[in-house]
Structure formats: C-alpha cells, structure tokens
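To start, I am sharing the structure in question, which I have written as structure tokens.
The chains carry the letters A, B, C and D, assigned in the order they are written, with residues numbered from 1 in each.
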Amino acid sequence: DTIRHLFKQIFQASLGLQEEEKKSLLISRKNKSQDTVVQVGPLAVGGGTPIIISGPCSVETEAQMEAVASHLQGEGIALLRGGAYKPRTSPYDFQGLGKEGLRILSETAKRHQMVCVSEIVTPEDVEMACEYLDVIQIGARNMQNFELLKAAGSVRKPILLKRGLAATIEELLYAAEYIASRGNDQIILCERGIRTYEKATRNTLDISAVPILKQESHLPVVVDISHSTGRKDIMFPIAKAALAVGADGLIIETHNEPAVALSDAKQQLDLDQFSTLLNQLRQSGFLPTTVQA
Amino acid sequence: DTIRHLFKQIFQASLGLQEEEKKSLLISRKNKSQDTVVQVGPLAVGGGTPIIISGPCSVETEAQMEAVASHLQGEGIALLRGGAYKPRTSPYDFQGLGKEGLRILSETAKRHQMVCVSEIVTPEDVEMACEYLDVIQIGARNMQNFELLKAAGSVRKPILLKRGLAATIEELLYAAEYIASRGNDQIILCERGIRTYEKATRNTLDISAVPILKQESHLPVVVDISHSTGRKDIMFPIAKAALAVGADGLIIETHNEPAVALSDAKQQLDLDQFSTLLNQLRQSGFLPTTVQA
Amino acid sequence: DTIRHLFKQIFQASLGLQEEEKKSLLISRKNKSQDTVVQVGPLAVGGGTPIIISGPCSVETEAQMEAVASHLQGEGIALLRGGAYKPRTSPYDFQGLGKEGLRILSETAKRHQMVCVSEIVTPEDVEMACEYLDVIQIGARNMQNFELLKAAGSVRKPILLKRGLAATIEELLYAAEYIASRGNDQIILCERGIRTYEKATRNTLDISAVPILKQESHLPVVVDISHSTGRKDIMFPIAKAALAVGADGLIIETHNEPAVALSDAKQQLDLDQFSTLLNQLRQSGFLPTTVQA
Amino acid sequence: DTIRHLFKQIFQASLGLQEEEKKSLLISRKNKSQDTVVQVGPLAVGGGTPIIISGPCSVETEAQMEAVASHLQGEGIALLRGGAYKPRTSPYDFQGLGKEGLRILSETAKRHQMVCVSEIVTPEDVEMACEYLDVIQIGARNMQNFELLKAAGSVRKPILLKRGLAATIEELLYAAEYIASRGNDQIILCERGIRTYEKATRNTLDISAVPILKQESHLPVVVDISHSTGRKDIMFPIAKAALAVGADGLIIETHNEPAVALSDAKQQLDLDQFSTLLNQLRQSGFLPTTVQA
C-alpha cells in the first residue's frame, strides 16, 4: 500500500515530465504568458475587444460582395470573409471562383475600408494569396494538411486556423505549432464544432475548447457560430455563449440572398437578420456599442 | 425539372406532417407556448432567475453534509444536492449510502432551510424517495430506463432529468414525454455533456442543446457544469457560457474536502473555490447579486 | 535522460499495478483462463460451435410467433427470441405485450422444442421472468441499470448482456462483473454496435470488441448483426465477419411479415431471407451444416 | 390517413430521385456493375484473390527496408509499403525521409521483384512520385485535400485512398469521385478505422463499411488492420474478419525492429509475427496457400 502510494506519486511526476515537453511549444502559454494580439489592419484580435468576421460562405459575384460589404461596413464590421477556394464534398458542387474570387473579395474590402480573410487550400497558393488577403484561413478539412501549415508558417500574414472536424484540442495546438515553428506566430485559432452523433446541429460546438485553448496557448481564439451549429434559429444565444466563454471574436456567415446562395444556403443570415443579431448582442452588453463590432 | 421541383415541395410537406406528430407532445413548445416554471420550495426554476444546485457528488457523512450545507446556505444557495444511490462503473466502487443517505441529505437541508435533490435509480424507490426529496433526479445512465421514467411520472414531485451520455436531443425530449404522459409535468431538463472522442474534457458540453431544448419544449433547462467538463479550471467561463446561452440554472458539485471525496474527487470544487466562482458570476452580472443564487 | 528512461519504466510498473486490480475481476480471463460455457437447454454457448439466436423484434401475436418458430425449428435453430418489454424512444410507440408476450414466447418455444430469450427492463420483473425464459436479456439502454444487473446476478438463469450504445468495452466488462459479483456467472456478452457519426448504418459494429472481450474475459460473446447494422443488405458479409472474428454466436432478427412489424420493420429478415442467409453461411463453411445452427 | 400514406409513397419517390443523382457518379456501382480490377504489377487488386500490402510505417534506412523486403518477398508478398512523407501530429516528430525515402523504397522493391506504395501529401509531389511508386497513397488526413485528389486524378497511377478519421462512407465515395472525375479510375479504397469514444483500440474499425463500399461502388476495398486497431494482439481475428467481410486485401505494418521504429512502434508486427499471422491465415483458408499473399 505504501508502494502503491509511492508509485502514484512517481506516476504524477512522470506526467509532469511529459508536461515539460509541451512547455517548450512556441504556442504554449507556458512558453509565453502574455496573450498574443494579432493585428489585422485596424483590428487587434485577442486585444480584449471581441471582433466579428462576416460575409458570405462563397464569393459569387461583384454585386453580391458589394451588397454584403456595404451593409457590413454600415454596421461597423471591419473584417470581411468570403470563400474563393471551396472544399466541397462533391466534385460536382460549386468549387468557388478561385483567384478571381480573391480579387473580388480584396477589392470589395478595400472599397469599404475593410480587411479580408479567405481560405487557401494548397501550399502553392499561399504566397499568391498574400497579395489579396489580410488573413489567410486554413479550413477544418486542412487542419492536418501539414504542407499547407508549413507554407502558412513561411509567410508574414496572420493565419486563421480552424479546428478539424474530428481533431482533438491537442491536435489543433500542434497544428498551430507547425505554423509557429516556421516563424509565423500571427495565428488565430478557431473552434467550429466537431463531428458527433448528434444531428440536431450540423456539428457540436465544443464550447469548452475555448477556455482550454486560451489556457494552454497564448493565441487568440474565435468561434464560428455558423458552421458549428448550421442553424440560424439559435445564433443569438450561441453568440452570447461564445463571447461569455471568452472567445476573442465570432465568425458569422451572411449573404444578401441566402436562399439562392451557391453553398451553405441554410445557415447564412440575411443582412437584416445579421443587423438584428448585432443589435441584440450590443444591447445585451455582449459586444461594445462603439464602431467595429 | 419541374417534377423535381414539385417533388421537393411535396417532400417539405411530408416533413411538415411529421412535425405535426411532434406538435402533440405534451412537453412540446408547440403544445404550450408559455414556459413551464417548476416550483421547488422557494425556488421558481424556469422563472427567469437562474438557480444554483450545489453539494457533493456523494452523501458521505452527516458532518460532511453539514459542512457543505452551512457554507452553501451562507452563500444564499437554496437547493442542495448529494448522491445516495450512486451508479458506478465498477461494483467494487463506493455505491452510496442509500436510504440513509437520503435521510442525511433531507435533514441537513431542512436544518438549513434548503430544499434538496438526489438521484433515484430504480422504479420501486421513487415513492419512498418522495418523503425525503424535493426533486427526484433521473441520471444520465437511466435516461432511457423507461420504467423509472414512468414511475417518476406517477408521483407529484419535480423531476430533474439528465441527458444520457449518448442520447440525442430528441431522445431526451421523448424521455421527458414518458414522465409527462403519466401526469407529471414538473420536469427540469439537464444538459450534462455527451460522449465524444475528445479527451481534454470528461464529456463534451453540448451548449447548443440548451437553446434547442428551450425552443422545442416549454420545460426549464439547467446545465451540469461539473460532469460536462470534469475540470475545475474552466468552471468560471463555462458557467458564464451556460447562463449566457439561456440555462435556467447550473449544477455545480462542491465538497468540503474534495481530495478525499469517495467519488468524482477531481471535479468537485472546495467551498472556497465555490464562493469565488459565485462571486465572479455575481460581479460579472451573470447571476443576480441578491440572495438565492 | 536516464531519469526519463527510469521514469518510463516506473510508469510501466504503475500501469502494471492497476492491471493487478483488474485481474481480480471474477469475469476476467486472468482470474480464470478457461472459457466459460453457458448451457442453455441443448445449446452450449461458448463451447466452440457458434449458435444462432433468432426471432422477431417484438412478440406481437400467437400466430406470428408460431409462424416464425416453426420456420426456425425447421432450420435447426434452437434459441428463439422475441421482445415483450420494449424500450422505445417514444411513449406512444408500441411498448410490447409484457407478461403476456413472455407467455406466448415461452409456450411457442416449448411447442417447438426450442429455448427462449427476452429482454427484462426492471429489477422486479427478473424473478417472474425466470418462469418463462431460458435466458434473460439485459438490453443496451439498461447496460448500466445497476439495480437490474444486481437482480440478474441474484437468479440462476443465463444472462445475455448487451453493450450500451455508448459504452466502452471496459464498462461492458464491469457491467458483467455486477452480475457475477452477485453469484451468477452464466453471462453471455453481446456486441450490438455503438453510436458514432456514421449514418450509413444504424450503429457502428465494433468488430474489434469481440476478440478484445474474449481476451479480457472468459465469457462467451455473441454479435447482434441486426441492430448493429440496421440493414438487411449486408447481413451475409457481416455474419461471416462476426463468425470469423471469433463470435460464439449471432443474433438475427426475423419476422414472418417484416413490412408490418410493430418495431424495427426495416431490419428484420423475412423467413425466406433468413433461410437463404443460413444456407449461405453453411455452404461457405462459416456455420456447421448439421442441425442447430 | 390516406393522405399520410400517399405522402409516404411520394416521400419514397423523392428519395428515389436523389438516388438518381448518385447513380451518375463515375465510381458508382449503378454506373458500372462490374468490379474494377486495379492492376499493380503482377497483382490484380479486386480480382478475387485478396492481396497483402506490407512494410514499415516509415522508411528509415536502406538496411531496414532490405531486411523487411527480403523477408516479405520470402513470404510471397508482392506489394511493399513504407512512408516517406509522414503526416505527424507534432512538427517535432520524425517527418520521414522525403524523396530519399521514395528512392530507397522503390529500389528495394525492384531488387526484390516487388511493387511499392507510399503516401504523397501535397499536389506538387504527385508527378514526381510517379517515377518511384507503383501506387500512390492518399492518407486519412488528406482524404478531403481536394487539390491533392485532383492531382491524383490527373496521373495514370493507381491510387490507394484511405478513409478520413471522421469521414462518412459517402464522403469517401465522393473523394474517390474527385479522382475519377479527372480521368483516373484506378482507385483502391481503404477502410482504416474511424474516430469514436472507444479507447481500447486506436480507432474503431468500421467493418460494415467494406460491404457497403463494395455495394455502392465498383472499386476494390482493402482494410488497414494496423491503423484501425493499433493493437498487435488481435491481428489474426481482425484479419479474418476483414477477409470474411469481402475485403480485397489487407494492409499490415511490419518492421524488422518495431521497438525502435521511428513511428507507430506499438502497432507494427515484427517479421516473425508477420510470418505467423500469414501462416495462420493460409492454414485457416482465409488466404490462398499459393505465392502472392
């Protein structure tokens, strides 16, 4: 029994040693106690004021982006999103406008004094994308596309790294470390829901991941409330939960005409719904009432 | 193509018919638009002010319960919990004090002008338990113990019904309907985390379940932040998230000496930690500052 | 580095100590190296020859059971199943015929020189059920209904214990230990699929569980190929896989008129399909060609 | 009620229409009823005789590969595997030898009259890899790396496509369609276990996926029994199950010195264990006794 007790202590010590190893990760809170603040144009992601990233799932046309961006600008939103390279389950689904989509996104954002983010899906496009984008997104399906992570680590652009559909919190941290280990420490982590048996939501938002990520790492963490739920009807409570739990920002998909969107039609808010949501969040004190989100 | 369009409309109509069936559930929001408020002694669960349920995982001794209850009373907590019948994975683990545990819990609560809740695990104990308890809990492992649900539906006591480890939101609602269909509509639903591949938390708190349950049903919903996370270090953010998302209350396990607790030693807060958490929630506006939680 | 190496060895030793504890489980292979053979009438479950358990999901009428049993007897099947107490998601679904169902099942089996198995869902019915049944089934939703397990441990009837929808292999073994610890070691374990994100099958058959259970425990293990897949169209390959992996038997749901069955209509084989499957298994050498399965 | 009945029929018809769409997939069985046989050197994958793919997790040295290959050749194995580009959770783990690894693998295979397969992780390496490899593997983490899939579709090499850790069967089929839609129909699907809550195995082998994939598609399907289980001690029963369920082949990791392997040390068989397994499979009739696996 004393032996058992002794062994338990030694067991704990062994775990401690393993912790030691993790401490040395560049992205670890143990390695740097202060929060990393990722500056994106006028926005300080992780700087204490939550940010809002919004825009359509896919960039479809100039007119669509103009409609969305002008509305978002009017609401004080500074960070415009829009997919140009779309990872789609079927090869016969709309695949995005590619480079042309990046151009539309970028020009629209500039016209409205906004900054922009879009997903890049292959290493060779990373450098090109830097010309158009203020933040490069690595999507859920590519969280362990390590060559893409390395490419993202080699440029000097902020990276928005989404958690994989079935990735553990630890794997997400190691994915971020791939980027950091190449010299780019401007990383924003994103919880976007994980795959479980529950079908009432598109994915299961793992809200606990947010404080754990912020505890384990010094990187900012945002929550994609559109993909994690896949439902418009619970956006307000989920947005509040995400902000209350400590998220540094939200991703909210918006579209000028969701019903005819070329992807994710069901989960994108229309522009009025977005304004309503924003007002609710501001009036209930979950978002500051001043300009930029 | 017109045929396809037509069929899509008919398909939607078919889904509508299936919805029709659900509308008739007693616990459905469609059947009763107003929130059900479950009155437990002085507490109105679901009445707009979030409640706190607290106490140890297991009732162990009179002294332990006295220590916990007097502290909780001092903090303005009105609803005391403590397990007497413990569903444990191994038959060789502590199984709870049984009826003696209910007696200790009940007398301790009365001594402190509190009300109490405890889990009952078999139909034949339900009636007996009514003498001791103000709320009868049906635990996660018994969410589809339908005989127990029926027995709980036959008494006139509030029931705290926890979601099963791998139960869908829909299955939880139907489990509640088992109780309601027997005549007992005093039901409090509880989200307590679901089983997923993620191991950083004991379970994955499905925060989206709260607004969905409240939308689908008129019953109050509480969140067990101890079992869903299994970690003390994220209690404050998770409590905030649960309240922000619209939970009608929280379950927080507390123990006067967690280190020597006979079950769930790792996740129970000690009394000081509990007071700190409560203060944080009150100061940040997530809980009212007046007495009873 | 030597310290790290040393610690790793001590770590291993610690794990060894924990193994020590498991060794003492009554159902552990370490405690009894020889296979337990559960004798059910003429059948030796775990005795080397795989057995077949068949019959409808629910006992509905005398005529239905007669039709099924006479067909099964003609095929040399000795163990008849049929649900009398049905754990159903909705209280408004068919709940089974109860005791009357047990009577019909029992008399039908006797008339055909068969033995029978049915699920019991509450402790107080266990003793009564012993009069009717040759094997008492504890279903997936009740795998951690510990009072039911204890009641099953107190009688002298073989128990068919199904794995819970989200139970680990370890939890299934501990559930069996609940029964064994009360003095009943006539336990047959059943793998019946676990709940995952995959929706092509009703559940995900965890085929690896079979050899692991047989390695960890001396108890026989059968596979429910109907519930684990929920599809008729892959019965033959799945039956072969289950037998090849070392299962001591199969559960195959059959119905004389699946299309009008009161439960699980989709997954029950009709009697011709069952005969075809049996022939295929016999001709391919996965089942012996002699009488009884 | 007649309306309800009518609607149910129309509902079925609607589902039929959706099926219609799937029928047009190039990889669909409905589009081509005959099995696709992928010829890899002397091996006809999907031709009726199950094949064995074996070799170490990672190519480490010439000596290691020589030791493994000469042993495998002696056992009649024709298809050598070995990882050169290793997708590893941590950037500080061994990342593989890269192109040098491909060279070693390729030359070793040729020296032993074997063919070889290795994983490529980024589109730009696909063409280069064709010089070294007889089959290009796309790994689980890259199953939805669509640019990689497109690159694989543009060459004329057989592709071994592994199911993602949390990919549905349907998503795997669509991933294969990405390859086929670019003109390469030489695709071998691989079930390698999915991520679930169960921790007794590294992943949960979804055995039902094999017959479903073979039913839905005309492509050959192999099972990776090393990654799906992560345990050496159940290799024989799992190999039998995989072959019994209809797999066209097995992947079995082998290493001359597993204890010092640079990756997956725990799950690789040593050469003697591999020979024993092979003998068991041949003697029990699950593999033909003649040369090539």
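Convention: a residue touches a chain if its C-beta (ideal position, glycine included) is under 8 Å from a C-beta of that chain, and two chains touch if they have at least 3 such contacts.
Computed from a predicted model, the values in this text were never measured in an experiment.
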item	value
Most distant chain from chain C, judged by the mean position of its C-alpha atoms	A
From the options B-C, A-C or C-D, the pair that copies B-D, where over half of the contact pairs coincide	A-C
Selected pair, greater C-beta contact count between A-C and A-D	A-D
Interface numbering overlap (same over half, different under half) for chain A and chain B	same
Euclidean distance of C-alpha centroids - chain A vs chain D, Å	32
Centre distance in Å when chain A and chain C are each reduced to the mean of their C-alpha atoms	45
Residues of chain A whose C-beta touches two or more other chains	166, 170, 195-197, 199
Parts of chain D lying in touch with chain B, wherever the complex brings them together	4, 7-8, 10-11, 13-14, 17, 195-197, 199
Residues on chain C engaged by chain D in the complex (per definition of touch)	166, 168-170, 194, 196-201, 204-212, 215, 228-229, 231, 233-234, 237-238, 240-246, 285-286
Residues of chain D touching chain A in the complex	87-92, 121-124, 141-142, 144-148, 164-166, 170-171, 174, 177-178, 181, 195
